[in-house]
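Think of it as A, B, C and D in the order they're written, each chain with its own count starting at 1.
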Amino acid sequence: MDDPIQCSTESRPSGGGAPGPGQALSMEADRCRSAYRWMVLARVLDDKLASLYRGGKIHGGVFLSRGQEALSAAIGVALQRGDIFAPLIRDTAGRLAFGETVAEALRTCLGSPLGPMRARDGNVHRGRPRDGLLPMISHLGAMIAVVNGMLLARRLQGRPGSVGAACLGDGGTSTGSFHEGINQAAIERLPLVLVIADNQYAYSTPTCRQFACQSLVDRAVGYGVQGHLADGTDLLECMRVLADAVGRARSGQGPQMVVARLLRLCGHGEHDDASYVDPALKESELGRDCLQVAEEILIGRGWATTADLAGWRHDAQAQIEAALAEVQRDPQPDPYQETWTAIASEGLRDGYPAPPA
Amino acid sequence: MDDPIQCSTESRPSGGGAPGPGQALSMEADRCRSAYRWMVLARVLDDKLASLYRGGKIHGGVFLSRGQEALSAAIGVALQRGDIFAPLIRDTAGRLAFGETVAEALRTCLGSPLGPMRARDGNVHRGRPRDGLLPMISHLGAMIAVVNGMLLARRLQGRPGSVGAACLGDGGTSTGSFHEGINQAAIERLPLVLVIADNQYAYSTPTCRQFACQSLVDRAVGYGVQGHLADGTDLLECMRVLADAVGRARSGQGPQMVVARLLRLCGHGEHDDASYVDPALKESELGRDCLQVAEEILIGRGWATTADLAGWRHDAQAQIEAALAEVQRDPQPDPYQETWTAIASEGLRDGYPAPPA
Amino acid sequence: MSVTYLEAIRLAQARVLAEDPRVFIYGQDVGAFGGAFKATKNLAEQFPGRVIDAPISEDAIVGAAIGAAIEGLRPIVEIQFADFSMPGFNQIVNQAATLYWRTGVPCPLVIRLPSGGTSGGGPFHSQCLEALYAHMPGLLVMAPGTVEDVYSMLIEAVALDDPVIFCEHKLLYYHLKADRLPEAALPAGKARIARPGRDMTLVTYSAMVHEALAAAEELAAEGYQIEVVDLRVLKPLDTDTVMASVARTGRLLAVGEAWPWGGVTAEIVARVAAEGLHLLDAPPQRINAKDTPIPYHPNLWAAHRPTARSIAAAARRALQT
Amino acid sequence: MSVTYLEAIRLAQARVLAEDPRVFIYGQDVGAFGGAFKATKNLAEQFPGRVIDAPISEDAIVGAAIGAAIEGLRPIVEIQFADFSMPGFNQIVNQAATLYWRTGVPCPLVIRLPSGGTSGGGPFHSQCLEALYAHMPGLLVMAPGTVEDVYSMLIEAVALDDPVIFCEHKLLYYHLKADRLPEAALPAGKARIARPGRDMTLVTYSAMVHEALAAAEELAAEGYQIEVVDLRVLKPLDTDTVMASVARTGRLLAVGEAWPWGGVTAEIVARVAAEGLHLLDAPPQRINAKDTPIPYHPNLWAAHRPTARSIAAAARRALQT
């Protein structure tokens, strides 16, 4: 979404240093400040999740976005209300920018029955399909065709104009679903933006064991779609490329494939120390922390002061603590309150096993 | 195989006009004559299958190769003994050239228990895995990874040097299996030659509903494999391109993708009148019958006389009639002789249902 | 007028397309060509833009149908042969089947699976995969065995809010005929007594209904009155109707064309044994296809699946215990 | 020394790699990293070139394993979670499972599926898919429930000429321990009496063996002697051992962690009812996971699958009929 304030009051990073008097900021600066604040909110939320995990408060795994906030936020801010977004595991920033609230993220991770997944599904598997925010299933690549179907439906219903973004990792590009999905979008010329975060590893597997092409963007031509490369550590570049890709999709140029190169700056999940990551990569340009890079941009261009940055971070922390305090008062899910049926049609629930006496 | 005589005595087209005295033929001419004879044998065999089908002698479907003999034969003659071949539905010519006998083709189609599939599987689902000739399953794209695994095994076993060819149609390229298979081969740098017969239709579906790229060969770069285009109606070009691709694979240059453009000159199966085929395509260069084109080449270059052609066709007919006469004496499969188990391990066959009393 | 099973499928689709603007059809060759079996013949012409040819991408076909369902449409997916639903299996069982439970958003879509053996079909064009789908939570599984049912159940399937696996039987496509289409229909989820009897209950579905009826006829000549229950819907199973029948007859033979291990017949026998043991005068029995892939040659194929003859033989044995 | 279930898997693989040059391992992150669960830790180092990292391509992973098996190798495929075998399902059930029957060429390969729920695993990291595989002809399905069995059965699986679906249970990985590895083992295909008793037979497998044993213990305090049968192998099913047990006890409760419709429990009850009706003093019963996806939150997860407590409650009800 262009403006975080519009997307959701609950999730809006509140307060923050306004530009000083007489210092009218360009639209670009505004957008960048806004995107950066989503990044900070995501980073602080991720840090909180990591600490909750270490404290044994989260069941199962925790998967963080560290190093991918610039790319992810850029997607979120490039989309508009009414668009469709199918994030993947490292899209905390994009989710928030698209309209997910901190509370729903926390509720899902903590297994609250008041979260969107009602404690039935957890961690990154969260969303609100009716609001265009798709809750990923784990099987990589599987969300792309679902976005296609939503876009196709809108075309059939005579409601064009929206764009669907789907995210994938370098590893996810090896799935048959990726191929079938992007090809389907190309055939139907759907306004799909497929964003591939090439973060050099799929769990422990380096990209050389995942593909043999020079760059994943070389795949675009084989589908007849437009391809775009971005430096995933550079917020401004991510924003420019994503805005361009989303704009092209919206204006009827068909599917767009964006490949951003970056490095995962954390383990695959919080259980993983990522000791397999090549130190040379960490030292390289790819290993830059996109949050720091964004701060340098903001400061360097005079779009924010260090006080602004500190204030925003403080705001993010306050927002997350407030949400956490609220969420921690949520009830636990009660198995006796569950309907224990996966079928919507009332009369058609299978009678076996009979409900416990 | 380079020389039909080597590949299998049974399937060798017998007799045929040798070059006249003093008329030493070049190696190219020899190869072309040989490939052409496989084409004729395939065409005549297909015609026989069609007539058996119309006569109600064949159960289920019959799928013909008409229009694809040049490409298919070119694959068969480019491979060597000990190579691997995973043909698809329109590879009668390549199968024969690779070493399948007319009798095994007929036995499979007629459901003889003496055929390689023992009446359990039929029509194009035939082969001898141990001899490198894979019996396709119907699910398109599924054979590619199997060829990869065979090549990988040979590498692990220290038996390099062989090439594996897998065939696919334009429609088959839309499967996830195609993508996973070619990508896997690229990662492992296997000597795979993937041959795509872009015959403009998948059943009734034109290629514009199957992909949106200019040419399927544009996919090669996205996998980091070498791509080759061929005019599938031109035997000499097919032979040149296939020999080149197979040679590159064999010499360690990794997977090769060959895309040949042509037109299916028959229905999807013999039940289909193909009335949906665009007449303009039939009139175009793509609509040329590769068998006629090959004949023009042979005659035009003085590599064969019309008497040679007639003789070869006659020989093919004789060979097929002889095989058919033999096969028609085969017993019918007897359900009481069947073991009715899909499990090889003797002691581990499931006891239910108990064998009929 | 006489309507075939296949024609009934086509007419049901024409009707839902006409009556419900949310419906569209997606599948390989379903458009101008009218489908491999002609189940969508002329529909693309009659309903422009709503009968869409798909690439050979079963995973993406089902995925897109799910997306369309989320947006409020009612997709009907035609898989060319049930066997080719395997590459789309993941989307069906992990995405479509879990959506409502995970999110509360229903996923109304119908996946038509041309199922079952035909002579010469072979291992990959003959499968009956209903048990795979029924095992996974979140799906409804239908397997109509009559012209009337295939028509009314398909219409009903489209109206339901859940993903429905709709197993049509290819063997019935051209040969099974009815005089007219039904006006009223049994409610979904209700089994049907296809033939009343009092000596034994044959429980079955789809094409096997006709084999079972023929077996019952054969046994009638021997003085046995065999009741035949047509399940119609495999998930949920109408255990009540089965149990009531067994209560009348005291004997059960479950008949399925699918493979034995964990198939419909296992589920039926297990439920009857658990809830109706006291009703049984003899051990409940099952007859299924043999536990191998489906053979190509007609001789083998005919021996692989149950037939009127083998059903009658099994019933005879069970009647004598 | 004490060995965990997971360590036993690693040691079994180390042993077959050492003893059989035909063996290699293929799967995501199995190489230097040692696998998501560390079941292949150090193996890549010990057996250079024979423990191969795969791309996220389950269809091609299984496909390549089949090709390697044709060439005479003995691949072990590690699927990262059983749930992710669905994108490879087609190759497993249509290519691997049919090869021997179609061509006479065996397809010896082992597909390791880390199965079963763990608290917090959720719908896509917890599935028990054994019934799907057992339904399809041409596969052997193993589900060891002890450290000893997981070791000896994995070694045996590699030696067999058929494709084996090897369902390991994640809940047992770290917590289940044994003093030593077995020297001898029950033959494949034989069930095991895990606890003798005379009042009722609990038939189960994998992690549920331990829940069943705990339930039996609980009921022992109430004076019941419960026999627990550990199936070990799900296809083929060792019906003889089950039947002999039911002959002794007269009562059957089949327990499974998978979904109910067409699961192992249905198959067990159906077979016992068909072949051993006269042995039963009470209706045979089943207890399974609930028919929904597997929930994320521990409270819901614990209520979704059978536990010692719910098994004991079900057994108690059945004992009183």
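The rule we apply is simple: contacts are C-beta pairs under 8 Å (C-beta built on N, C-alpha and C of every residue); 3 or more make two chains touch, one makes a residue touch a chain.
As the structure is a computational prediction, the values presented were derived from the model and not from experiment.
Between subunit A and subunit D, the least number of touch steps comes to 1.
Comparing the centres of all chains, each the average of its CA atoms, the largest separation from subunit B belongs to A. Look at where the CA atoms of subunit B average out and do the same for subunit D: the two points lie 41 Å apart. With centres taken as mean Cα positions, subunit D sits 30 Å from subunit C.
Averaging Cα coordinates per chain places subunit B and subunit C 36 Å apart. Residues of subunit C in contact with two or more other chains: 54-55, 57, 59, 83, 86-87, 90, 94, 97-98, 101-102, 123-124, 137-138, 235, 237, 261, 286, 291-293. Shared contact sites, meaning residues of subunit A that touch two or more other chains, fall at 117, 120-121, 125, 137, 139, 174-177, 180, 183, 187, 209-211, 341-342, 350, 352. Taken together, the touching pairs cover every possible pairing of the chains. Contact residues on subunit D toward subunit C in their complex (touch as defined above): 59, 83, 86-87, 89-90, 93-94, 97-98, 101-102, 123-124, 131-132, 134-138, 235, 237, 258-259, 261-267, 269-270, 272-278, 280, 282-286, 291-293. Across the complex, subunit B is touched by residues 24, 49-50, 54-55, 57, 59-73, 75, 87, 90-91, 94-95, 97-106, 137-138, 140, 160-162, 187-189, 233, 235-237, 239-240, 267, 271 of subunit D.
Subunit D meets subunit A in the complex at residues 28-29, 32-33, 36, 53-57, 59, 81, 83-84, 86-87, 118-125, 260-261, 286-288, 290-293, 295-300, 302-304, 310, 313, 317. Residues 116-118, 120-121, 125, 127-130, 135, 137, 139, 142-154, 156-157, 176-177, 180-181, 183-184, 187, 341-345, 347-352 of subunit A touch subunit C in their complex.
Residues 58-61, 111, 113, 117, 119-123, 125, 137-140, 171-172, 174-177, 202-205, 209-211, 276, 332-335, 338, 340-342, 350, 352-353, 356-357 of subunit A are the ones touching subunit D in the complex.
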